[in-house]
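Going by the order they are written in, the chains are A, B, C and D; count residues from 1 in each one.
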Amino acid sequence: MTAPPSLDTLNAMPEQSFASVLADIFEHAPWVAAGVVAARPFPTLNALLDALTAAVRASAPERQLQLIKNHPDLAGKAARGGGLTKDSEAEQSSAGLDRLSDEEYARFDRLNQAYRSKFDFPFIIGGRRHTTDSILQQMEERARNDRAAEIETALGEVFRIVALRLDQRVTAADRLAVHGRLSTHVLDTYHGRPAAGVEIELVELSCSGAERRIIASRTNADGRTERPLIQERPLPIGRYELRFDIGDYFARHAVRLAAPPFLERVPVRFAIAEPEGHYHVPLLATPWSYTTYRGS
Amino acid sequence: MTAPPSLDTLNAMPEQSFASVLADIFEHAPWVAAGVVAARPFPTLNALLDALTAAVRASAPERQLQLIKNHPDLAGKAARGGGLTKDSEAEQSSAGLDRLSDEEYARFDRLNQAYRSKFDFPFIIGGRRHTTDSILQQMEERARNDRAAEIETALGEVFRIVALRLDQRVTAADRLAVHGRLSTHVLDTYHGRPAAGVEIELVELSCSGAERRIIASRTNADGRTERPLIQERPLPIGRYELRFDIGDYFARHAVRLAAPPFLERVPVRFAIAEPEGHYHVPLLATPWSYTTYRGS
Amino acid sequence: MTAPPSLDTLNAMPEQSFASVLADIFEHAPWVAAGVVAARPFPTLNALLDALTAAVRASAPERQLQLIKNHPDLAGKAARGGGLTKDSEAEQSSAGLDRLSDEEYARFDRLNQAYRSKFDFPFIIGGRRHTTDSILQQMEERARNDRAAEIETALGEVFRIVALRLDQRVTAADRLAVHGRLSTHVLDTYHGRPAAGVEIELVELSCSGAERRIIASRTNADGRTERPLIQERPLPIGRYELRFDIGDYFARHAVRLAAPPFLERVPVRFAIAEPEGHYHVPLLATPWSYTTYRGS
Amino acid sequence: MTAPPSLDTLNAMPEQSFASVLADIFEHAPWVAAGVVAARPFPTLNALLDALTAAVRASAPERQLQLIKNHPDLAGKAARGGGLTKDSEAEQSSAGLDRLSDEEYARFDRLNQAYRSKFDFPFIIGGRRHTTDSILQQMEERARNDRAAEIETALGEVFRIVALRLDQRVTAADRLAVHGRLSTHVLDTYHGRPAAGVEIELVELSCSGAERRIIASRTNADGRTERPLIQERPLPIGRYELRFDIGDYFARHAVRLAAPPFLERVPVRFAIAEPEGHYHVPLLATPWSYTTYRGS
């Protein structure tokens, strides 16, 4: 994998190359990138994104509709048959659509068909901003829209997908507002200091009862993990559980505990609703109490 | 089922009747009750229990050992074959020993055999004070005792079992110290008032990953459940989870929540280590934060 | 001081006696009690209060106005000259009006005169439900009312005063809703148990910076004070501070503390706005943290 | 005031100049700095401090004692008569010794005399690390030492004073460990976000009941003050109160509050015991509850 080109490089390269580098930013629609070549140089990545968006907005309604139709079904035949673009494949995988049970596949099929038969275009959603659960919920909710509203919603999702692709494809001095951050912090209010060396696990929960481990980590001397639990990407909308092994922690510090300890592995269950938000979910703990909250 | 006799009635009844009513207080050992008949009247239930305990302590070591040997294996052949006394059956069922998986039965068999072959008597433990998990743990720990210590431990468990049988079999003005209490309380610190109408569920967790619902309830106008979650019995040593539907609660009170809400069903996982203790496990909650602790 | 008569006694006594016992329930207006004699027997104290209120409501407007005019100025000449009825004296003293500084007296004089010159009757407020601060604030706020609204407000205060006098003058099976309650509870979340033996002080704060100790107490084995801090009376609207000596408490329990301890005497400052409300203000504390809230 | 020289400059300057720049680092004892000239260049500021300390340690006991005797009495005649070195004046002022009441002066006089008559040298303490209260407490405690221990303690204080003077007098790539930090953070757990625009005040409390405002500030969009409340200096050992105007804050955000609001200006009273420590004292608040703790 080669390093992504910088915006400066893009601004300076031959027109053909520029159009080619960004050809697949919009799914099967190289005309969008080609249409903004003449507007170079773009001072910022945000300016480039705005130009691409404006080019689509300025195009004929049928062309915009075609842009939507270029997208594959979620968890559909193309996905199962290996016929996705690399980007689509990665986006669907991010939301877990390549790990569905047979039952979930069947549910996607039903919802895809119902959606297509109502709107005559595929359901589009930015896979990196969602979990399987939130996609299914969106499919059910958006199926109740009228066609005009849904075309607008679908275009909005296309632009979000494009922004995320651009963020991965081009480096620049400015950043697009496409990243969220999830972090934690453990305070030991028994000793009045950060809790160092606490084992932490983050799992994604799904309505089906399944859970998927996102990351396991351990707090450092300041009671934080070395890096945020999730960063440099959108936070998938969904339900999560953080687990903090404070029983082990206090036992290691020679605190007299009950047997079994009143608190061992503390679960903090919460939902993420803003993919570009900052979620700080700390734990203030003693062997007999804890407090958690959405912090900053 | 007839109401249990009062201590006054026991004090006044013919000697034979007294001995007969309490014949099975000690497993297959009517001689213990018979031995205290002459000491009547007992001013309190505690005095009766003390007399019974003293009678055993005063008996010959072989007789004490026989008392231990009268008890059946836990989850053993007698249990499976229906050969238990009514009391033993209820006690083993209380700890879930009549609901074991094949694997768990096998584990009990192994531990029972190892214990018997070391000590030459069955493993005795008060089933009402334990969960399957804590019994298995005790079996492993106590197997490391020497014989003298283990005879003493087993006698202690016999007396605990007897106290609980007495508590159920005889009414009196005084109570034996054999009951614990688990309660909760939900405070809505967003509005500054008790949280009424919050759905609450208490489940017992086991190491095997299984969970068993103990009770489902709902908070009243004072934010409490009408009755303690567990009362009038020992609290089984083990791991539990309380679940509080505060997402529903705040939604019903027209609080603007995220979608999905940051907090929905808050799990509070804790362990009980003192069967006769009072555990108060409250929740102070807003839509974005909560605090829990062992209170009183 | 003789015990207050019961409602039954009142129902059964001669008409003259009944009227005489309740003659001063309304300030200088024995006609109100006399007017309800014929409606006896009253099944409850609340029914008696309702009858008295209804008798006033049914009287001519001038008579109602006279009822208002019967009341003395707050902290006025009559108060300073000893010309108050016993009830008025106790009520004004409850709000601290007999302990004013010269400056405060002057402020009351100014506000009394302004009020009287606008409305032609004295400012009436139930002294037991207020502190000096909240009375001064009410005087300023209510001076902005129009006359009709203010007559209604004054009558409402008269009825509140009457209810409190009745509550003290007559015993009955039912209670009037004239009492509030302020209580506290200290939880030691370091050891996971109630904090026993914590010194607690409750002071009333005033805008002038002065503070007045209401009560000093100490927590019992359950972490509570033996009796609520305030009960069996309305809670005076105003600002308070609870002080908890948790530094001493943890030092007594051999907890290693910093020197000086991070937390010693924890102040919790809060206001009471509902005289008939229940305010429970607990403290959950470790040597390094605490949580407080309006509980129940 | 000219900018302090860098360590590089000091390393490179003529011997005379070096000795002269650091002549008053030790009170009236230029010989210490002169004694380390030959050891240049010092790679770090810590190395320079170590060299100065070692030079004193290597000198004769009488010379070390003289070093101690060079220091003026705290709040003594020299201080009142203007006879202090600039450094001593600033250090004594930092601890409030130039703002004492007559009564406090008298107490210092008594304690100074008692100390001198026992040890035959003045009481030395680093004024920047203390408040008046903690100095008085140290005077009483240290007066109980024996002479050898107290000489050692006094030398230790001399080295702390020197480290702080060096920190102000010389810039370098490395820092001496002489600074503490006090910071805060306000979380609005009603809305689940940082509380912006909260007025905050920090006051120093003294045993005499006096209080002195250290700083007033206001939280920024992240719920923090722009700069730590105290930084780039030692935290004076003593008692403090942080006050948070959360009543105003919630009123500005249209939250329905009681009248008067249950919580208005929340006081958090705490003590600092480690001058070089990091104290983070956050507030998690709703209109009806708050939590505070020593964080990091």
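Assume a residue touches a chain if its C-beta (ideal position, glycine included) is under 8 Å from a C-beta of that chain, and two chains touch if they have at least 3 such contacts.
Note that this is a predicted model, so its numbers are computed, not measured.
Annotation: A-B is the more contact-rich of the chain pairs A-B and B-D, by number of C-beta pairs in contact. Placing every chain at the mean of its C-alpha atoms, the farthest one from chain B is found to be D. If you average the Cα atoms of chain A and of chain B, the two centres end up 47 Å apart. For this pair, chain B with chain D, the centres built from the Cα atoms lie 57 Å apart. For chain C, residues that reach two or more other chains under the stated contact definition are 189, 192, 258, 262, 284, 288-289, 291, 293-294.
Interface residues of chain A facing chain B in the complex, by the touch rule stated above, are 134, 237-239, 258-267, 269-271, 273-274, 288-294. Per the touch definition, chain A reaches chain C in the complex via residues 189-192, 258, 262, 284, 286-289, 291.
Across the interface of their complex, chain A is touched by residues 187, 189, 192-194, 222-223, 284, 291, 293-296 of chain D.
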